[in-house]
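Read through the structures below before going on.
In the two assemblies presented below, chain A is common to both, partnered first by chain B and then by chain C.
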Partner chain A sequence: MTWPRFRDLLTTYLFVAPAVILFVVFSLFPFIKVFQLSVFEWDGISPDMKFVWLENFKTALFHDKSWWTSIRNAGVITVLALTFQNFLALVLALIVDREIKGKNFYRVVFYLPPVLSGIVVGLVWNWIFDGSHGLLNHFLVFLGHPEWQRAWLADPATALYSVSIIHMWKGFGWGFVILLAGLQAIPRELGEAARVDGASELYIFSRITVPLMLPVFFLVSILTVLGTMQIFDIIIATTNGGPGFHTEVPITRILAAMLGSSRFGYACSLGILFGLLLLSISMVQMKLSKWSSRYS
Partner chain B sequence: MNTMGNTFYRIRHWSRLAVAHAICLTVASACVFPLMWMVSSSLKTQRTIFSDPGLWVSNPQWSNYYLAWTRGNFGQYFFNSLLYTVLVVGGVIIIASMAAYAFSRLKFPGRNLLFILVISTMMIPIPGSFIALYVLLNKMGLIDTRLGYILPQINGGLALGIFLLKTFFDKLPQDLEDAARIDGCNKFQVYMHVAMPLAKPAIAVLAVFNALAVWNEYLLATLVFSRPELMPLQKGLMVFQGAHITEYPLLMAGITISIIPILTLYFIMQRYIVAGITAGAIKT
Partner chain C sequence: MNARSARRILCVLGSGILLGLSACSPSNNKADANTILVWHWMTDREEALVKLTDQYQQQTGVKIQLELYAPSDAYATKVRAAAQTNTLPDVFSVLGESRDLASFINSGHIADLAPAMNADRNAWRKQFFAKALANTAFQAGNQYKVTPGQYGVPIDVTNIQLIYNKALFEKAGLNPEKPPRDWTEFLTAIRALKAAGFAGLVSGWGETWLIQCFASNYAFNILGEEKVLDTYRGKVLYTDPEWIQVFSLFEELRKENALASGVVTMVNKTAEQIFATEKAAFALNGSWCVNVYKGMNPDLRYGAMMPPPASKRFPMRIWGGAGSSFMVNARSTKNEQAIAFLKWLSEPAQQAQLSTETLNLPSNRASLEKIPVVLAGFAAQMDNTTHPTQWPVAEIPTVNEAFEKGIQSILIGEKTPVQLAQELDHLKARYRAREKRQ
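And then the complex of A and B:
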């Protein structure tokens, strides 16, 4: 290789070097390190790491009830988000997509909660759901049902559902924006042609809108699952996992294992198990997506 | 008969429209109301906030904002958040655009492999990697430093940034760059003076998205900072809440302070945000 050619190549690599170095140090290395740490018992500081083979995974799978509770809780929130949140998003997108004026106004307002941080949303709703002077309790008194008042986020019967409501309030606008973009990408002529031919609205919806929107539906549901299962800052700002373990979610359990009880190896094994769970859920959904598009 | 039919259709049309707007406006007020209540709470006194749930505040306590800013330390948190956001967004734009330009326009061995590697973080969920990141930052002595908070977040923005900008550069016509090369510009000058100015719309999307992400970031701040004078707003809010659990007026004032910049950015840049969500959704 000649010198000018070599220098030319070198300057080219300078373009990608910063990105590649950052990636190797802060993405690739931690990714590999998690797998290594997961087979050790380690407090995060001391030099002695005890090799325990798959003991951490065994503990997580068979002896850690709070871990399974946390997955179940995140699952409940996810199911609620998949149904209610996405249903609301879809209904709103269908309404706004049609005849209505002020598309942009609604888009801006509905996307307001997703712009806010989970901490901000959590703290504001913490105050709304407050047990003694929260807005919701004031409202119940106003309705004439003071006996319905409760500490919504501290009561085991309502804590998880209250958190879910907060999460869905924050999330539906995001689904709305994507679904609306999907609906707007459907050529108008398709519906109009069918309408001229005398097709009913229901027919147009089920035979034109739904099939064309299927990929978008799957996309939204995959992202909803991935996002909701990893819910975390709303929980931190409201219940911090309580009362008891009623609103613990996987990420709060991983943090507790790591920062709370200094079991770094164990925290890593939880992270890997959780990552595998998310990966398999999204793979099933992608398979379903492919399968459904073939049959529609 | 004809006019009757017309009236019927017109009534049906209008009532449909009214129902549509009624639904949308109800949801819209459900979005806005908690925020209005937050602002109203931030202007009450420690006593009236518990006795009077009303939205209207007859005697607004603007001093709450001053107290939150000084005694609540939100001035410091605000400055920190601003600093982190500017530096991370700047870093992402520079580093991602250089890499994206090389991946799109320059030829070198290992190009495709490196590209796939660098954007792979968008595809694989690794919710545990923050544990190892913490261990790493600890070893590098970056815990409780600004740099330890900034560098991982620049890295966090790279995958989407490189992907977005490479797609953009790929679609640009090559002619302009060729002309610049013939005029004697080197690679770097072409990138700097030809490609970058053309990429402004894509860079705007990237900037807004990263600004939102950095401003709202919480997990890494928890891991990195224990010294309050370095903390960003999100962490500061939790510290304040932990220390003054019942001081709702000041807390609400702090929250309001924390969302004013992000809402301003949102209202100014909202068309880029919509473009970004759609682009981000297509990528997956």
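And then the complex of A and C:
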């Protein structure tokens, strides 16, 4: 190899080196480390780690009821978000897509909740849902239904749904923005031509808008599932997983294992299982998304 | 690109990498030989600590570099990460349970201060409340296999009691100078307070350690210390009638509607607001509340009382001990200077100054005469305190969590005391079996 060639190669590698070093240190190494730790019993401090084979995975899958409860809870919130949150986002996007007065103002307003901190949102909603002096209870009394008052976040019958409402309120803005972008990408001429041919608005929506929007719907649903399954900050700010295990979600369980019980190995195994679950869901959705792209 | 500009870019890149690497080096290496680096998380005490460390520098010429990392969760994570990379400062704190402290000690991160404490006929040791030292001491035969010693210096003490609102007592026709003396009187007082339109007991039981604290008070009162510890050792079952009696107290609270609305998911800060705004008559809170209530409602009239006992068999024990303790890095080259600073910080004058400015109880007994009167009620009960970090054995963390969450379930009427006790026994048996297998 000639000196100029060597110098060129060296220059190239040195340019790439910072990015590679950062990737290895902050992404690759932690990723591999999680897999390594998942087969050990380790408290996070001690230099001694006990190799336990797949015991951590076995415990998580077959003995840890609270883990499955947390998956179920996250699943419930996800289903609610997929339906109600995205329905609301779509309706608002359809409204704002039309030529209405102040549409830019609405676009900003609808996009505000997602950019707020989850902790702040949680604290505000804590006040709304408060059992003694909450806004919602005051409103119910005003409506003449004092018997409906309750501590919404502390009652096992309503805690999970209350948390879901907070999450959906905070999250619908993302879907709104993406769906609005999708709607605006549909050529206006298609709708106009259909109208000239006498098609109703419902017909245009079901036969033109929905098919062309299918890839966008799938994108929004993938983001909703991934975002909702990883819900965490709102839970911490409102219920901390309680009452009992009624609002526990996977991330709070992983944190409880890691920081509450100092079981780093077990927490890593939960993280891997959770990662695999999200990966499987994403793969199914990607398949469906590809299919929808072809269809649309 | 010509060779000259390529060389320039390479120089910039190289410098960047070197700078980046140097930024990753231990922060205490940056400090000079006459500087002690202290990490703490106490936002409320930062100002007072800065004043004290300035005084120390004027007196001794040794600079104390305070670094504040808050909130406490973030601090605990930072200390843990620093331990893994051997970059702990000269003085720091381990926030957590005994097993966490034990792990730091067994890994060689924390210096044994017993020789310094015991020098000159225990001169330094004698200054402290014994219970304050107990939180960071390990005795022979401890379950964590830690070499017996003293591994922390308490800078203040705390205890958790029932706080009651004297004004609300008067409004409900109760004598504010005669708070309830037993469980029956407690429930009677709550009925009277509720009839007058006030909520009974409020506490941040969404933070489950406060549930554990209240339950533990009554477990010591009903079962006695040895039986409680024997439960953790696996010699007594949770289905024992006396444990059922402890769990039944929570069921009684639920049936009497004695708790403020939403306590099972409430954080303690909210509970403090509810008590400070006179919406609830009782609160389970620590001595730090004096400072908190002063900020929220300076005119609040309240008193501290021991939780009213439910049994006459054993004395009531409340949680307490060291509020905050500092540890000395065993690998630091400035061990002696760090210990000298901590000795100075725990002297009566500095302790009184810290207590007056932060309204926390001092760890030095000799400072008690100089502290605000309002703290005296808390200080009076220091000898009746206990804490999980002082016990020779600890419950399995998973069982502890099930215990706390289970009590939440009793409070919302989802489980009975017997159901919870059976669940705990079942869970414990499974973990014991697993331990044996391993």
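A few comments on the model shown:
Please note the rule applied: the second predicted complex is superposed on the first by the 273 of 296 C-alpha atoms of A that agree within 3 Å, B and C clash if a C-alpha of one lies under 4 Å from a C-alpha of the other, contacts with A are read in each partner's own complex, and residues count from 1 in each chain.
In this text, contacts are C-beta pairs under 8 Å (C-beta built on N, C-alpha and C of every residue); 3 or more make two chains touch, one makes a residue touch a chain.
Fair warning: this is a prediction, and the values are worked out from it, not measured in the lab.
In the three-chain model built by superposing on chain A, chain B clashes with chain C. Contact with chain C, but none with chain B, is seen for A:Glu55 once the two complexes are overlaid on the shared chain.
When the two structures are aligned on the shared chain, A:Trp291 is found in touch with neither chain B nor chain C.
Looking at the shared chain after the overlay, A:Trp148 reaches neither chain B nor chain C. Judged by the touch definition given at the top, the superposed model places A:Pro18 against both chain B and chain C.
When the two structures are aligned on the shared chain, A:Tyr203 is found in touch with neither chain B nor chain C. By the touch criterion stated above, A:Phe87 is placed in contact with neither chain B nor chain C.
Applying the stated contact rule after C-alpha superposition, one finds that A:Gly260 touches chain C and leaves chain B untouched.
Once chain A of one complex is fitted onto chain A of the other, the partner contacts of A:Trp68 are absent, as it touches neither chain B nor chain C.
In the superposition on chain A, A:Ser132 contacts both chain B and chain C. When chain B and chain C are set side by side, the one touching more residues of chain A is B. One listed stretch of chain C collides with chain B once both complexes sit on chain A; from 80-88, 116-124 or 350-358, that stretch is 80-88. On chain A, the patch touched by chain B and the patch touched by chain C overlap at residues 11, 15, 18, 44, 132-133, 259. The residues of chain A lying in touch with chain C in their complex are 7, 11, 14-15, 17-18, 21, 41, 43-47, 50, 52, 55, 59, 63, 126, 130-133, 151, 153-156, 159, 238-240, 242-245, 256, 259-263. Those residues of chain C whose C-beta lies close enough to touch chain A in the complex are 3, 6, 9-10, 13-14, 16-17, 73, 76-77, 80, 83-84, 96-97, 99-100, 103-104, 106-107, 109, 199, 206-208, 260-267, 270, 274, 279, 397-398, 401, 405-406, 408-409, 411-412, 414, 430, 434, 438.
Residues 9, 11-13, 15-16, 18-20, 22-23, 25-31, 33-34, 37, 44, 88, 91-92, 95-96, 98-100, 102, 105-113, 115-120, 123-125, 127-128, 132-133, 135, 138-139, 169, 173-174, 177-178, 181, 219, 222-223, 226, 230, 232-233, 236-237, 250-251, 254-255, 258-259, 264, 267-268, 270-272, 274-275, 278-279, 282 of chain A are the ones that touch chain B when the two sit in their complex. For chain B in complex with chain A, the touching residues are 13, 16-17, 20-21, 23-24, 27-28, 30-32, 34-35, 37-38, 41, 49-50, 53, 95-96, 98-99, 101-103, 106-108, 114, 117-118, 121, 124-136, 138, 151-152, 154-156, 158, 162, 186-188, 191, 212, 215-219, 222-223, 234, 237-238, 241, 248, 251-252, 255, 258-259, 262-263, 266-267, 270, 273-274, 277-278, 281, 284.
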